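Got some structures for you, see below.
What follows is a pair of complexes built around chain A, which joins chain B in one and chain C in the other.
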Partner chain A sequence: MRSNVFELVRTLVAVFLSLLIVFIFIVIVSKDPVRAYRLFLIGPFARISRLAEWLNQSIPLLFAGLAVAIVFQANQFSIGAEGQFLIGALGATMVALSFPEVDVIHLLVAILAGMLCGALWGVIPGLLSAYGLKEGDNLGVLVVSLMMNFIGFYTAYYTINNHFRDIYAGFMASPFIPSTSYLPFLSARYRINGGLVIAFIIAGLVWYFLYRTKWGYEIRMVGTNIGFASFNGINVKRVIIYSNVISAAVAGLAGAIEVTGLHHRYLWQSMPGYGFDGVIIALIARNNPALVPLSALFVAYLRTGGRVMERGSDVSAEMAMVLESIIVLLVTAEALLNLWQRKRLKRKVSQR
Partner chain B sequence: MCGITKVYPNGVVANRNINLNVEKGEIHALLGENGAGKSTLMKILYGIERADAGKIFLEGKEVHIASPLDAIRLKIGMVHQEFMLIPSLSVAENCVLGIEPRRGLSIDRSKAIELTERFGAEFGLPVSHNEIVAELPVGMRQRVEILKVLLRGAELLILDEPTAVLTPLETEELFAALKTLVTRGKTIIFVTHKLKEVKQLADRFTVLRDGSNVGNGLVSEVSEAELVRMMVGRAIEVDVYKKRTTKPGAEVLTVKGVFYIRDGRNVLQNVSFKVRSGEIVAIAGVEGNGQAELVDILVGLRKATRGKIFLNDKEYTNAPPKEIRSQGVACIPADRIGRGVAMRASIEENLIADRYFKREFSRWWGLNKKAIREHAKNLMHVFAIRAIAPSTLVGSLSGGNIQRVVVARELSAGPQLLIADQPTRGLDVAATKFVRQRLIDERDRGAAILLVSTDLEEIMQLADRIIVMYKGSIVAHFADIESVTPELLGQYMLGVERQSEKEAEGAWNC
Partner chain C sequence: MLQAALWGVLVSARTGSAWIGLLTGVVSAMGIAALLGYFHLRLRSDLILTGIALNIFCSGSTVLFLYLFTGNKGISSGVKSLVLPRCDIPGIANIPILGEIVSGHNVLTYVAFVSVLIAYYMLYKTPYGLRLRAVGEHPQAAASVGIRVNRVKMVALLLSGFFAGFGGVFLSMGYVSWFGRGMTAGRGFIGLVAETLGGRSAFGALWGSLVFGFTEAFAATAQAFRIPAEFANAIPYIAAIVAFVAYANRRRHSTR
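Moving on, here comes the complex of A and B:
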């Protein structure tokens, strides 16, 4: 418990330090740094529409963070959440467009389809890393999942473009899905995606899964020490497969929720980058699903703040990206930990 | 070292106002029970841990050692209790890690190899430079560790339980090497649980108990019993273990003509033996003669190239570990860090690794947190694991306590066949006694026990029959323990002598 508090403090210090560094950056690039920094820091809170933008943005990030946390806990360096997200979105769109328009059931079927398609997209890297790669070959896992992202993106692109394209839209997108398959908004006026609630519930479930179930236990043991796990009779290959599949189901669910809860169509013309976003969010949360919502909200806040700053000042949104990267660097840097530990111990000694 | 105090972030006071004086050119033994704070003190000296209070003086001058780099600069070297080599690199690469000889921009490999070989020869620690460390037996890794430290020019060597993994012969060799080092002016701090070695090797000693100093002095002026009393706080009788009184029962483990071939080399060659219920069969041998591979095959972590293995007449050759375990096989592995425990998991999680799916610990697909905690508390009590709580991470335990976690899990499985590979490695006097007694109890309960050990004393004390392995074959079998002496075993272990095929077949036709 003490070490958890410690980790939290460490993360907060990293956040604070990087905010400071970013301020210095802004002072350098901006003519009116105080205004820009204020927009960046409190901008998202200033209007409800921005608040909605922030929350909506955090939903897919939250799911991606959860998906990545699951595979990372199994020590599988997979960034496949992206492809799984898109395939999930594709599956949900296709089913929503073809299924009869029955209330509730239509929505449920579409969401389930998204999850299932995402999960299927996770079966391939799961099997590949269990049987095709050497144990612990994380570079292999990374490459496989990266390639699967491209294949997923273009598969979805091809399918929508050739079979489900809305020819009246000015860009590549599917037609709108029927309203019986809409996930209700939290606030229809500000278009706040109702998936937020689901995302939080799933975070709780994933935490329960990892820390309170047999499968979660297996995943964590394989993740900390593969030799230990197999010595004690845990079937490592099986664990690698289902950790990939379950993670992919979460990512697929995210895709389905974006479609049914917000856009109401498939509209991704380029890769949204959720694979790496998931990695960042999981890293900040130390792979702990209970912390992923915080970390996702935080990253989404930075990005929204960045956009607000861009719209209202002479600083570009890329600054937010810089900030994000600095935070990840600081949070993951062991050096900071040591620095802190020493300070704490010194204090302890002098109290003696 | 003066008034050293160390409190770990989790509140454990590992060192409390400790003084340690080591003179130049001496061998100084540091003694104490598991968890007494020996490794912590040494880590402070080597700059891995920071003391909360206290000063360190080197040749009269106060020094500040903030990191191992500082320590190396001050010519202090340390061989850790748990090895710190990089398994995927070769011996020579490990030895020169961080101090690579260079040629232009690239590493001068031949120079690295030459350095390794030269130092190896000079200090009586021969190694084969091109082998990958992961493939090496533990005894050999130990040598590499020492070489690595010597190559960095250390004058003060810290050896944390260096002999725990060595055979008597290897120990002799090491001691000879250490004595050579001392005559060349090097100073050695030597952590150990083996009192005989203290008497044999050390000039002076310091004893820690519960993180405090409880004694020091000249080795020549104390007896082993006095040392034990200082370490434990009370006297412990010498080890006497009950020999087998009942006749052994039915065959539990049958190994028949097992071969294991790696890179075209016979690592195991036609190994056949039996272990019956109610007996302890010991496999003696110098580390690296196929015992490790044999154990791996028996627990399902490696596949035998040829041959058959039966448990109670049911064949299980090359079955997956889970199936083997569910048939009643348990194993205390020699490699506790790689196999025995998950360092970043808690004690309670480590203790259920082979049984979390059982009904006591799980309902449906969930885990029963309360039962798991109770289970851990219980085992921690029975096996005297010193830790704050069941949720303590195993990685923060002392070496001996980590071993207790492994022993607790495997012995509490109530196995029909228990494979104990170096079961008391790194344990203090009391714990060693405890584990050996538990093995005897298990035997008397009717378990079949296969003891793999490089410690001849342990073998002589526990075994009902002895098998000697040399270069992957069984070269001797003794059914009558009384007639065996450690010297005799040594001859077979080194391949100097060898029984006739017929005699060695006794392992099979018993």
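Moving on, here comes the complex of A and C:
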């Protein structure tokens, strides 16, 4: 067993190295690399509106990271958070538009509907990976969940476009939802989504669920050693299904919160990419729900920094994506720091 | 595929030769495959996670370079890139119906069919193909008879990058004449399904790909049958899930 400190150091080293590599990238690409890099790294702090952008951006990422962490803890390589997010957003929008406008209840019903719709969308890959695929077929789980994202996107697109379309909007979007279903802003002036609070609470709940409840224990046991788990009388298929469904509920909740807390309508015309984002965030947080908020804030910071850099220099915002992928590459590279670890071990041995 | 699609377009525009574009595209795809190999084999990272990371890397960096060279973040139509030529097969081209179907396609379409034969020959008729399959079947056994497992794996990854590169170049220099961000739209994963469906053999992959090509073509024409476009677009992905699960089950039952 590796120590947590070592894991942390490894992650930090990976982040540092990636920042260095990206700086080299920027030097190649940009005419004024120092300025671009400075905007990238400290740009989000320069204005309150940028801080708001950062916080708002981190909310769906936080949920996505949690959703992925749950399934990854069960060693299920599912990246279906994106489709579940969209279906959740769709469900919340539909209910918010059709439910009578009663204070508080309206909002609650809309959010619950989003969660439920997301969870239902997660039932399909759950059942498929439990009964449809071979045990431990990670590639199968990955492919099925990825395809479900595309199907979810088109399902939501179809429903909004044909049944809930705002014909006065210049693009494909639903009408605005009634104001009784709004989630209050943290700060109305800067439009900071109130879902931030919910996101942190859910992160705590997911941590409690995974580390302090029987179901969570079963998920982790299946993730560590599937054979051992089933030998000890754990119903592996059941665990696979409910880990998928709970993760999907979290992703669906994220969709509902984006609709009720920020956009107040369904407006996704292309896929937002939260499935892969979730993987990045969960990986940086080592699948630990308690660390997911930090990692989500970090990734959202990079994205915001990327956009600030794009507005203020000649480097495009996708540099943030490149940086994230390099971090993941370095974090997953098991042998990268082995050398360093071995040296430390030697020193310890020689001290005794 | 994304890298290949992008570099094919950019380089063909710069050099004025579609063939140099093709070459650069394929080489860039192999470069990504080499990275995957280095991280997985040398630094022992998880193959799937590294694959995901490299996919993200490519979708980010292609937009980055697209913006750098064309000033546009969505599509490369601003630069004058070239298209690989269409090919008429002498003799067959003049036969009615058959000529229309078989002849006059993009040159890469024929390359695709020929590479099925090449891949088949390589995998099943050469000593190296035997070694490659042995490594896939049982790496320890392969290592015990003196095969350098990691080197063979690396070669396999490079070859797969080589073929994927052709796929990417076809998208941007044959299928259409521009590069668009994220234009592969999960085709790499669909290719995975096609290959699994075909039982992991060269000809099986051909049949699998034809099935998915058919569903995509069907999706493109489905609006004529008054099927909503959104459902038509979802068809290839639904087909992929059904195919994958059906295949996994068939294999499971046959091994029992």
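We adopt the following convention: the second predicted complex is superposed on the first by the 342 of 352 C-alpha atoms of A that agree within 3 Å, B and C clash if a C-alpha of one lies under 4 Å from a C-alpha of the other, contacts with A are read in each partner's own complex, and residues count from 1 in each chain.
Simple rule for what comes next: a residue touches a chain if its C-beta (ideal position, glycine included) is under 8 Å from a C-beta of that chain, and two chains touch if they have at least 3 such contacts.
Quick caveat, the model's predicted, so the values are computed rather than measured.
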- Item | Touch count on chain A, higher of chain B and chain C | C
- Message: A:137 in the overlay: touching chain B, chain C, both, or neither? Say first, second, both or neither.
- Response: second
- Query: Is A:316 contacted by the first partner chain B, the second partner chain C, both or neither?
  - Reply: second
- Query: Looking at the overlay, what does A:225 touch: chain B (first), chain C (second), both, or neither?
  - Reply: first
- Query: Where does A:214 make contact in the superposed view: on chain B (first), on chain C (second), on both, or on neither?
  - Reply: first
- Would you check which partner chain A:103 touches, where first means chain B only, second means chain C only, and both and neither mean what they say? neither
- Item | Contacts on chain A seen with chain B and repeated with chain C across the two complexes | none
- Query: Given the complex with chain C, which residues does chain A contribute to the contact?
  - Reply: 29, 77, 79, 128, 132-134, 137-140, 142-144, 146-148, 150-151, 154-155, 157-158, 161-162, 276, 279-280, 283, 315-316, 318-322, 324-326, 328-329, 332-336
- Message: Under the definition above, what is the set of chain B residues touching chain A in their complex?
- Response: 5, 7, 9-11, 50, 52-53, 299, 301, 320-326, 331, 333, 335, 338-345, 349, 353-354, 356-357, 362, 365-367, 369
- Note on the structure: Contacts from chain A onto chain B in the complex sit at residues 2-3, 6, 212-215, 217, 220-221, 224-225, 227-235, 341-342, 344-346, 348-349, 352
- Item | Contacting residues of chain C [partner chain A, same complex] | 39, 42-46, 48-50, 52-57, 59-61, 63-64, 67-68, 73, 185-186, 189, 192-193, 228, 230-231, 233-234, 237-238, 240-241, 244-245, 248-249, 251-252
